[in-house]
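Handing you this structure, nothing more for now.
As written, the chains take the letters A, B and C, and residue 1 is the first residue of each chain.
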């Protein structure tokens, strides 16, 4: 990434790179498991794993004007996704109940990509606000692609999943910690941990937001009218 | 947008900005109503509204090489989409029959975004032809995203909806009026009005194009052969 | 494309341009036929044909930072897609069994776009690896868009279709031949022929990859345990 444009002190890519690979692996595993669940063959599973693992980062790079995307520049990202797909292909029963495992891996991938995406954006010179939103886009892109490709409604907009809120919290924290001088490693680790922990809490407690009220206006209007009569 | 590249006289962003916010609100409302119809919870409705409202503009910016996209630079676009989602969430019954209302809001959003998208493209220095097509892409992007995310066949390619033709007409008019010196405010207003009016006319009259003929070649060939025999 | 960045000898666009138009026609025909099969009306068929025909090239240009995309700069690409849609609309029964024809046209389009996409990327200055991956993205983009829009699981990840592997082979060959000095026309023709021939062979022989083994770990573990007991 961008030595000359780097405006925020020295830049040690160690933790960023490690978390990036971990995020690719988590998303690739979620894509491969989804392929196993849909009884796809080996090549289709691999294709789905690669698209899910690399999709978010490619969306991030396109939005930052980094062309061609980093995943196309080096062989590392593709290799991580391919190796993960192979592991899932052979040992998927060890991943436990498929549906729940996809959700947990998705949560982990979202948290990692949101945090790294926000930091990459910040270090390429965007505003804090833009960095947080690009982080969220990075985190959500791969999962949307995976779910749309297998023709399911994305987790992102399923009721009771609350995917975007923890991602926003993680991205905001990452950006805030880095901006306040807390150091990028802490920014990455805390942002990822909070985004993942928040979402796991949502899944564990089964928290869900209310649906739209059926007729708020009518209820309020009736109450006002009744109230008026009584006076 | 972009003072130094602006090649067409002075540039007053008033009408453009107002119509842009109106377009975001129309699309966000269509996304939120779709979420209500699918019985999603509050956060999923908000997510869908934001993606539908901002999707077209993000596609436009990526195609114009404006990175990061304008929706990520300022807080205004996100705020408009969020406020619209809140209004729809609480007062959706006041929006009338959901399916028809989504269609009308979609038509309005397409018209607004097509016209503003074409003008933004033109003022960043593209050709007239490219500006019109980028306008259409801006107009159609958000609705495609909305429909694909909730796993429905996009309005865009449903029979009897004729979405792309009014958009092309509006984009062409906007570009032509601005290029012929009619002024950008007139270009925006006329382009939007024609795109919206045309599509509403299509919906109101139930106009639809024919399906593909079942065997044109066979019919013509038979007629030619019969004609040959008679001679 | 882009004279000054062209690092590999003289550049004669003849074969590249011809194959590009052929690729657009193949994908537009596959999109239009899909529209006929779904009983869409004339305008929806045209919309689907244009999106399928131009989608891959637009993805390629966005990834290469070519903005606005080439399909928006000249009228040729849109015209080729429109003319193809008209031919399919009137003469679709002459295209034979629809499902198989869509698959063959898709295979042809993937092969053409993969090869031309890789060469365009290479000549705009990317690495060999990036050029091959951008070629594959160009080849697969249009078909993904077509299948997602009509709400079907993309061919790309259907079992027994093995779409990505022939595309990778074709892209790799194109890049290798051009890099080794074989000339770009040979690179295009051989890359296209191998990608198309490979995929047709897969379809003709019905080759498919295995599904994931149901419990490899358990089987191996049991064998190891039994082996241990016998000793």
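Rule of thumb we're sticking to: a residue touches a chain if its C-beta (ideal position, glycine included) is under 8 Å from a C-beta of that chain, and two chains touch if they have at least 3 such contacts.
Keep in mind the model is a prediction, meaning the values are calculated, not measured.
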Same residues or different residues: which describes how subunit A and subunit C meet, taking over half shared numbers as same? different
To bring subunit B onto subunit C by a C-alpha fit, how many degrees must it turn, rounded to the nearest 5? 120
Taking each chain's centre as the mean of its CA atoms, subunit A sits from subunit C at a distance in Å of 28
Please output the residue numbers of subunit B that touch at least 2 other chains, ranges allowed. 62, 65, 148, 151
Over in the complex, which subunit C residues touch subunit B? Could you list them? 35-36, 39-48, 58, 62, 65, 67-69, 71-75, 78, 88-94, 148-151
In their complex, what parts of subunit C are in touch with subunit A? 62-65, 121, 126-127, 129-130, 133-134, 144, 148, 151-154, 156-165, 208-218
